[in-house]
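See below for the structure under consideration.
Note that the chains take the letters A, B, C, D and E in the order they are written out, and that residue 1 is the start of every chain.
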Amino acid sequence: MSAAKLEITELTAGYGQTRILEGISLSVPAAGRTAVLGRNGVGKSTLFATIAGQTRRYGGQILMDGQDLTAMDGSARARAGLGFVPQNRAIFKSLTVEENLFAGLKERPRGDIEEAYAMFPRLKERRRNMGGQLSGGEQQMLTTARTILGRPRLLLLDEPLEGLAPVICDELMAAFTELASTGRMTVLLVEQRLKAAFDFADHVVILERGKVVWTGTPGDLQEDPETVNRLLGVGH
Amino acid sequence: MSLFEVRNLSKKFGGLNVTNDVSISLNPGDRIALIGPNGAGKTTFVNLVTGHIRPDAGVVMIAGQDVTRLSPRARVHAGLVRSFQVTRLFPEMSPEEHVAMAILQRMGKVEKAFGDYRSMPEVMAETAEILGILNLTPIARSRVSGIAYGQQRLLEIGLAMALRPKVLLLDEPAAGVPSSDTVLIERALDRLPPDLAVLMIEHDMDFVFRFAQRVVVLAAGTVIFDGTPAQVAADPQVREAYLGSYAE
Amino acid sequence: MSNDAKTMTIWQRGLRSDLIACLLIGLIAVICFYAMPSGLSLLTRIIAIMLLVLSIDLVTGYGGVATLGHAALFGAGAYAAGIAAAKFGITDPLLMLLIGTIAGAIAGFLSSLVILRGHGLSQLVLSIAVIMLAREAANKFSTWTGGSDGLSGIAPSPLLGMWRFDLWGKTSYWLAVILLLVVFLILRQIVRSPFGMLVKAIRQDPIRVSAMGAPVYWTLVKMYVISGAVAGLGGALSAVATKVVGLDALSFELSAEAVVMLVLGGTANLFGAMIGTTVFIWFEHLVSSVNPFHWLTIVGVLLVTVVLFAPRGLTGIADQLRDKFGKGGAK
Amino acid sequence: MQTILSIGADALAYGMVLFVISIGLSVTMGLMKVVNLAHGAFAMIGGYVASYVTQQMGLHFAVGTVAAVLFCVVLAFPMERLLFRRIYGAPELIQVLMTIGITFIIIGIANWLMGPTLKTIALPDSLRGPVDIGFRTIAAHKIFAAAVGGAVALGLWYLIERTSFGIKLRASVDDTAMAGALGIRTKIVYSVSFAIAIGLAALGGVVGAQLLPIEPYYALHYMVTFLVVVSVGGAGSIPGALVACLLLGAVKTTGSYLWPEFGNFFFYLAVIAIVSVFPNGLMGRAK
Amino acid sequence: DTIKVGVVGPFSGSAALQGRNFQAGIEAWFALNGKTVGDHEIEIIYRDLPAADPAQSAALTQELVVGEGVQYLAGYYYTPDAMAAAPILEEANVPMVVFNAATSAIVNASPYVVRTSFTTWQTSTPMAAVARERGINKIITVVSDYGPGTDSETAFIKAFTDQGGEIVQSIRMPMSTTDFSPIMQRIKDSGAEAVFAFLPAGPQTLGFMQSYVENGLKESGVALLAPGDLTQESDLGALGPNAEGMLTTFHYAVSHDSPENKAFVEAATGWLGNANELSFPAVGAFDGMHVIAHMIEATGGEQDAAAAVESVKGLEWVSPRGPVSINPENRHITQNIYLREVAKEGESWINKEIQTFENQGDPGWVAP
């Protein structure tokens, strides 16, 4: 199982009658680490949800390793190797932690959930608890672990650090970097903590009002405080 | 006498000691941060204090009044208000309605069966002011279900402000709010009356260190540290259990 | 202050739109009166049921309480008015209506104490238990209620001493129309008021409401009492107009049908309740007089069609059209 | 003593029959979160098929039962595709509207095709006679129903709690979009679960037909009973439904022996008492 | 000219079969007598009232009178429905012929009510004599807990105790009972020699009969006595062998042996299309049409309810059920009540008449 290449062309999408994405094109090479940044409400989550097949798409194409995803429903995309960790975590509240993890296993044997426990020992302690009873941060760990268990070739992470203690954030970002740099996954990340995003990514995309307005490397961006300020609104 | 005092609060879930003999007290004007590893029991502590969960042992006092046996609602009347870690708003209502309702509640008019809040100038003026502080005026009349998550978080703060509490408990108010907008939250917190005591749970350490005069660290249900931000940052135990590379 | 002037117009605008709605309803009532002079009895019945459906809208549409037992409040009003007339000789129709309203409110209070103990499904079941117990009791106390044979011997005296309740049902009809208008105006006020807003908020998230310090349980109890008064009035109207009260007034079937009418029309805007009731009963009447033998199937098809093509009820269609043609705006 | 044992046996038999008929509803309502008021209508269809096969075609009861279940399962797929799929996740009242509509239609069709009279299912001789259970005799078909109930309870519990299909089902219901995003084929999971629920309804209709006779209004007559037992047990919980059926069966049976004139008073009082103490049902799934 | 007759009955809903029988009775009457009386043509206007619902009944009745201009009202399956319509009659100047509703007091609700069916008192009372003749001393009564059930219980207890019998227990069971085992256990424990039961015609009877047999009561010789509602012909196919030998008293059996009945059954089943669906409401409707026709003739087609009702007081004719007449005092039908036994004839089950109680009035009627 190896990382997949993502190519998006002229993607427009939204909810019901409301258009949010206004023609997005971007491409991520296999094993790439791309951070998608932008202010509140610019459509970062909508972009991920659209790639995962959960919004209404009006036009445009999404290719994963050359395979057109748009004709598939969310479940088929996942089976084709897409992994999605949504911003709202989407824990199965009435399933136990362990069952939540089973649900992410795809066709792998049940014993493999030990991988998740190795990543987050905290989850092992709570494994008989209902998902809905977990603390905010534990839920965040669970949703990430659950998706990674399915061994996606392309992983979409929507604010995976939200609510996590700083020490865990470090470990987690290190793990993501490891997954990408060993060529197992391509990772797209949305993150509010710019430092973490810059440390992780080899490429940055900035959205504004549903459009890509800037692309480049983290290095470029850090050297351009004016752009950072204008597009990401840091440091007023 | 402190404004708000928790003594020897304890709670178990099954075999798990989520809150273990915790005592904390707040004076008027305090700005305190409660931090700690995930699952340390911070949210549970708030739930115990606000009465959403019953403690196994311990006492909660507000302004000298023992509220341990009171309903969540009665505690709000005693001056204790909270926000939620995961936003809990009314999806079909607008930000304006949210804030107006909180104001009406504070004024004791929320059960009036006649009239319309929009014809009450004092309510409208205060609503407009609060929404203004939070930059929510442009979307004052949209349905909450369609506004971005960050704005919902701001509205959570707005609701708390409208209730004019004596003690305010904020559970991760900045989670999901981009750094650009944390400023708005800080601005809103700055505008709170100076004699109000605030206890905030937060994992964003930049924010914590800018905000707090005092930091309490909770781990596995127990208070392991209580001191100034500088002391916390220097404490090796806290660094290992919680701060990680941040302390560098 | 200009702010003042602006808010006054908001309030006035609300009242004005209500009055326009009332005029419209009144106009429709006049048209119906001349268009179907023979159907006045049916129209009166529609209005009585409409009051029941409106009252369900208050607790279900606005308050989010799941109930399949609301006919208990309607039946309480009907039996109270009927018993007052048949057993105590209180035959003044307005007095009977008042008695029915009070009885409905009391029944609303009592049943809310039971029903509000549950949530969702269990609430539904509690409400069913309430209606079943009420019916069982009415059947048991047949010396008062006439049991399954129905309570007859209700002879209301002329309205205000002037208008007899005659064969053509004109008196009942106009009485019903006036009651409906009055109830509608009052309810519009209530649902727009802070109290109404609070009830809507409770439906969406009761825990949040209590965290704001507002009462959840007692607010709903109050709404139930108001709702009970409206349903009780409907029941009493039915007793006055038809002069008989049967156990069906206390049935699960009536409760369920009324809920179906509400959902058909659309919840939480009062118009849905009125439109749903009219359409359902009128449709049922139409189909069953064209084909009394297979109308149930056709009504079933209607319900399924509505869910498939207008999932927010008939009033939802209007909203959808408005959305489509982009007059969206606030709300 | 004799009497107590005897009532106990009746209560057990009655409770188990209730269980067999309503357990399918517990699956749709508790697991799939669809308030399916048409459940009884499917039970009735099962009953009609079995009646037709055993009476008109003169085949064995076993054939009739299998035919009934198969017929309903086959019917379930298109119905799920065309109708029920539209109401997954819809507000409960919308589901009520749709499923009552479906019930009306099925009743109309049953009335038209099968006529308004009662239909019976021919039992094999082995199920017909009374069986001596020591202190009294009891109808063989009741014992059979109880046995079927036990088997169904076990099988279903295993399926839902222990197999990966069960986990997938519960995950899909909890959050369909997320389950899809994890690669679960939610549509298929839903269709299959729905078909299982409908198959169980048909089985219940056939097995319970001796107590709840098959006629066109079956679906409406027993709608309330089904709803009540499922909710009292805690929708979606197999052991809960079992306990609720046995408990309510006992209340009803004892009530109608000791104080029949109070009718359903005790039954509904018990319902209120239980639900007040356990607002999620006896063994409801945590929310 | 055309004379309109409004018929209110359950044409859909769980009692739809009874509504169909109303229709079958009417159609049979037309088939045998034509649709005209003199030069007046009769037109029937049906209104569906699926369940007991007095408010709806009043609305439908009013609409029939005012909107459709009917000169006669007929039908009414349930008592409250008839009661709700009765207050309208005088003002509307319309007579009402009740085809079924069986509570004694209905005729008192208006002087314009005539009834061609039966009352529960009328069909239940003779059973007491039957029981006494068979040497039964101790009886337990078991009835459905609603109006007709309690009527039946009171009627039987009165007659049976008057004749020296003893009632050991009286049980009223809820309408919604489905499991009758506990009731049967009660019967067993009571030590009664026989059970007198009343259940409305319909699905419940099946479970009741089955429990009766399965709990060994039939075997142990505890006789089951009931008015004929329990064994209406359309249910007999399902009740089958369980009911064999059971005794019921009733005003009509489809198997009644007379030329009038043969003609009636043939016409009615011809319309129904299925001989198994014919049941007692059809004969109430058939005779109701006879009464209405007579009224039309007597008034010359004029709308005069008083004259119409007056004209049928004391009217005698031979109905498919046997000789009948209208009691001038209470406008209720006087008729034979038959003791019948459930028996198999050829392939089908019938109620076989074995004894006749002639010219029975309504013992439950009390002058207002």
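The rule is simple: a residue touches a chain if its C-beta (ideal position, glycine included) is under 8 Å from a C-beta of that chain, and two chains touch if they have at least 3 such contacts.
By chain, UniProt protein names: A, B = ABC transporter ATP-binding protein; C, D = Branched-chain amino acid ABC transporter permease.
Predicted, not measured: the structure shown is a model, and the values here were computed from it.
Farthest chain from chain A (centres taken as the mean of C-alpha atoms): E.
Looking at which of C-D and D-E shares more C-beta pairs in contact, the answer is the pair C-D. Chain B and chain C have CA centres that are 42 Å apart.
Here the spacing of chain A and chain C, counted between their Cα centres, is 50 Å.
As a whole-number value, the distance joining the C-alpha centres of chain A and chain B reads 29 Å.
Residues of chain B in contact with two or more other chains: none. Residue numbers of chain E whose C-beta contacts span two or more other chains: 12-13, 16, 145, 174. Each of the following residues of chain A touches two or more other chains: 133. The complete set of chain-chain contacts reads A-B, A-D, B-C, C-D, C-E, D-E. Residues 3, 6-7, 10, 13-14, 111, 115-120, 130, 137-139, 210-213, 215-218, 220-222, 252-254, 256-257, 260-261, 263-264 of chain D are the ones touching chain E in the complex.
On the chain D side of its complex with chain C, the touching residues are 29, 35, 83, 86-87, 90, 92-94, 96-98, 100-109, 111-112, 224, 227-228, 231-232, 235, 262-265, 268-269, 271-272, 275-276, 278-281, 284. The touching residues of chain C, when paired with chain E in their complex, are 36-42, 44-45, 48, 136, 139, 142, 146-150, 152, 155, 166-169, 238, 241-249, 253, 288-289, 292-296. Taken together, the chain B residues at the contact with chain A in this complex read 13, 36-40, 42-44, 85-86, 146-151, 172, 175-181, 183, 203-205, 240-246. By the touch criterion given at the top, residues 11-13, 16, 19, 46-48, 51-60, 62-63, 65-68, 79-80, 83-84, 86-88, 91-92, 103, 105, 109, 145-148, 150, 174 of chain E touch chain C in their complex.
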